[in-house]
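Below are two complexes that have chain A in common, paired first with chain B and then with chain C.
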Partner chain A sequence: MPIHEKSLIRPESLLRQEKLVLDGVDVSGDWSTFIESRVVTDYNEQMEEEIAALPGGEFIHRCWQCGSCTNSCTVNAINPEFNPRYWIYLIRLGMEQELLRDKDIIWQCVSCNKCTYACPRDVMPEGVMKATAHWLELKGHTTPSPAMVFDEVFSDQVFATGKIEEGRLMRGFFARTGQKLTEDWFVRLIRGLVTRLPLGLLARLGWAAVRHPRTRGWRRRRQAMTDYVAEQQVMHRAALRLPPATERRR
Partner chain B sequence: MSEKSGISSKYRKVAYYPGCALEGTGHAYNRSTKAVGKALGLDLVELKNWNCCGAMEVKNIDPKLQTFLSARNLKIAEEMGFATVMAPCNGCYHNLKKAEYDLAHDPATRETVEMLSAKAGDVAYQPGHVSTIHALDWIREAIGEEGLRARVRNSLKGLKIANYYGCMYTRPRHIFPEKDQGPGSESTNAPHFMDDLLAAAGAENVEYPLKTACCGGAHTLSDSNTSTRLVLNLLTTAEACGADVIATECPTCHSGLELHQARAAKVFGTVTHVKILYFTQLLGMALGLSARRVGVHENLSDARDLLRARGLG
Partner chain C sequence: MSEAVLVLGGGPAGLSAAHALANAGQKVLLVEKADRLGGAPILSGYARLVPSGEWARDAIGGMVERVRAQPLIECLTDCTVAAFDGAPGDFALHLTNGTTHRVAAAVLCTGFTHFDSVNKPEWGFGTYPDVVTTTQVEQMMSSGKGVRCPSDGREPARVAILLCVGSRDRQIGREWCSKICCTVSANIAMEIREALPKCHVYIYYMDIRTFGLYEGTYYWESQEKYRVKYIKARIAEVTSDGKRLIVKGEDTLVKRPITIPFDMVVHAIGMDPNIDNLTIAAIFGVKLEKHGYLQKASSYSAMSGTTRPGVFVAGAATGPETIDDSIAQGQAAAMAVLGQMRAALRAAAE
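And then the complex of A and B:
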């Protein structure tokens, strides 16, 4: 069965008849299972263009559905519902409603690039996954995923200081996602490490957490980058036919 | 190669880009890389006032911004008079390579980087001036397997090692034009540079099929269960292959393996005992440096007992 017909045999589309008479003939038992007739009409004809307008999605049109991406996929191996080839198919056809069934797992791509390595048509499926996750969020289909929040906290710190200080990054991420930093396995791990670390290094790390390492003379670069991000956001929303954002989320 | 020292002059002195992780969780990698360089008579000159390479996170916001950030570091290397910059972190290495490739092949990227550089008051980096190498390339090119074998003072004999390279060192293929060039070059499908170096240091490499599998480092914090499952797969496979140690070459993989080894024990109840060490720590000890000198005590995964039992460090 072609991948796009998968939806026809979902449990909710199967009709079971205990007693069935067709043209006066009792076919109970032989013809007990039917599939619901279905005609797809709700295409989003712009969907492929919209994904292609977002960073990473540029080459989605090259796909010829060989399935190398899904075959090589790290996440697919632990969750068979994670299926880049299928999603690319749906996007190219404009089957938005079908794609939305998987909206909460698309962000879980780990960017291992096995798909991009395997793809014979240079579709760069890893980029397509990022573009699709981004698209779902811009369209309001999903709230920002934890991965997207992490990307934003991380990037904001790079824009602000030019460097990353991991302690600050973790605190920022946990604060925005409302998680505790004090899971007991984590606390025990850190405590074990602290007893082994030399005082000099501990002092250095503590000092880095307070002082925030930064690249000197970063102000103009920060400005250039944040202006660029704002311009890109306007362009992305326009490409998706969305009204201009009223305020920046961060 | 110069006759006397056996050191290739090309990489005797290179620019050094440690990156953010090596100043934090990957400090032991920074420390051991420098210590190994010193023990081998190689000079590392740190880039002046470097910035984050953009990592995966800035790339996810916008790939061209990541190119801008990485290109600035390449420009610094060029201005300091270096033709080669060495980045031990897989993420940094990958990003500098990707910046070089994108600037050379994608006019839109070049245009954006030039626009951003002009606004930031920088002179934009032009591709073709600086090549980026990994710490593996650096040691292998400068000293070579033979040279390393001659310098080993404390052989890793009897230590069974699973060599773990991760994703960013080999994928995607197109940003590594020097790989897959036949004998002597690195393979993107079955990388072997770390195996070669550690074998020269006396270690027994196990056949490890997950050399380039993913540790889930991108989602260490944002999707911990996926990361833990991926790491657990790496750890249990290494144990099944008979490894005492997983050798790493990336601070994100390394700390991911350590963190999720502890988390797996707690959350999934699966306890694994394989130790995780940077390949530079192993090489350093083989060269006669103490375990402390290469920062073994800074690892979360405490390998000191194992190393003492094997007469190392």
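And then the complex of A and C:
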């Protein structure tokens, strides 16, 4: 629903009165309780700082709510619920509960970056969407999306060997996302590769699949990369006031 | 030029006009209603001024000293005008202290009156002690005591500043923007955040008018550096749950009703026409414009003029005005007075 059509009456604040008679008048039906006094206590005053501490969210404080991002948004054109302008506002004011209502669509940003070029204040809304999806995951509000799992398997392998070996990547990804390796399309893909690839290349692939070769001199580079990632993770979790990660990424 | 020029009002515009006239060798009679010079910034105890950041007592106090030290300026305080008759170059001035003077011209620098928030009862001023005005917050800061809740002296943890209190409101016949309240509120919000870093400050606005260069130094600085939060909502009512103030309204950008607790609510009060303007207009024979401020002559052909020749005007007497612009207008009025007097001299010589 586009924001201007949003109703103050929400389904959860409707009271169904099957049989209600007041002063002899039958007033049965749906009652909206939106005007019930409710003191807002769900503000997370640190929310803007939390998002700003994650990569991409750095410039959220510049937003002046003009709506250029939402107007230029590829996803908004398809799904009017996808409203970066609105989410940026919620984050800046700390309306966490309100943001969580949309937790299952925020990740849908396709990173086309039209908003990045439309934004008059250089907020980098695409980065803010990334940071927000990241925030939702770190806070445990959403489970990692398949794309995120793929990225993790991919980078884990790079950190381990300095190389990407596709067979292993796919096996890892399928295992982590609970997909069977016997998926029909996958079996056909493998069969096609085996029958069409030159023997020499197949042999090298097979050897790599068994031996997991490393880039030469990888150990030191790996150390630098993993140290950096670990440092970033510690920073992000601290900014979100989360306890240190129990499992360090390899 | 033996005759004096009347400057009525000892605020920024009047101090500026008197100084400029005396500096050019003109005798000045400076008449002030209150018991001291300085106008609103001194009488109402403003703290640090926009945009210089200087303390009012230093900046405006310095203007007072400059005028006091000028032998060509005679200052009369606790005094107002009883009658004013005559023609340009030769007015008879009767003061409430019983004296009569001949003056060549008059410059009305009679300023404004702060809006009285009691006229917006739904926002709790006068009902709850922790609902205060921007002027009161300025006094808290200039007195050195800091911003505290008047009810029990505690440091507020949450402060709401409501903009447009007594401005842009047909309900109460005030259809003007008071021009400076947005900037002053942003300034106050930053000062609160600086003094009380744990205190959250929210500004409730309809639109923000931190005009000109204030855009960067007040509007954005307050958000980027001081994390002041701006919410687009005109508050419906301010009540209390017995412990804290409860602010109700609708956040129009997210279409969500808001009911939020605050420790202190600040009304960004506007500038009313001087409460004495009807009397001033009758005594000086000048017209008021439709909002009740003194009517200006054309800026293009008769800068600083009123509807009566020989009577000039400067500062917030003509409408909401900044201190800096009031000072500029005071100087402009001095120039207009000198121009009139020399034109008369030249005519006499021919």
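Of note:
Just so we're on the same page, the second predicted complex is superposed on the first by the 158 of 250 C-alpha atoms of A that agree within 3 Å, B and C clash if a C-alpha of one lies under 4 Å from a C-alpha of the other, contacts with A are read in each partner's own complex, and residues count from 1 in each chain.
Throughout what follows, a contact is a pair of C-beta atoms (placed from the backbone, for glycine too) under 8 Å apart; a residue touches a chain by one contact, two chains touch by 3 or more.
Nothing here was measured: the structure is a model prediction, and the numbers come from that model.
By the touch criterion defined above, A:Lys130 reaches chain B but does not reach chain C. Once the two complexes are laid over each other on the shared chain, residue contacts for A:Leu90 go to chain C alone; chain B is not touched. Within the superposed three-chain model, A:Arg62 lies in touch with chain C and out of touch with chain B [touch as defined at top]. A count of residues in chain A touched by chain B and by chain C gives the higher number to B.
In the superposition on chain A, no contact is made by A:Asp104 with either chain B or chain C.
In the superposition on chain A, A:Glu81 makes contact with neither chain B nor chain C. By the touch criterion stated above, A:Asp26 is placed in contact with neither chain B nor chain C.
Shared contact residues of chain A, touching chain B in one structure and chain C in the other, are absent.
Considering their complex, residues 200, 220, 223-224, 227, 229, 231-232, 241, 246, 248, 250-251, 253-261 of chain C touch chain A. Chain contact summary for the complex, chain A toward chain B: residues 55-56, 74-75, 78, 108, 110-114, 116-117, 124, 127, 130, 145-152, 154-155, 158, 162-167, 170, 173-174, 177, 184-186, 188-189, 192-193, 196-198, 201, 205, 208, 213, 215-218, 220-221, 223-225, 227-229, 232.
Only residues 3-4, 6-8, 34-35, 37-41, 43, 45, 48, 61-62, 65, 86, 89-90, 92-93, 95, 98 of chain A touch chain C when the two sit together in their complex.
Remark: chain B residues 20-21, 23-25, 27, 49-52, 54-58, 60-65, 68-69, 72, 112, 116, 119-122, 167-168, 170-173, 188, 213-214, 216-219, 221-223, 226-227, 229-230, 259, 262-263, 265-267, 297-298, 300, 302 touch chain A in the complex.
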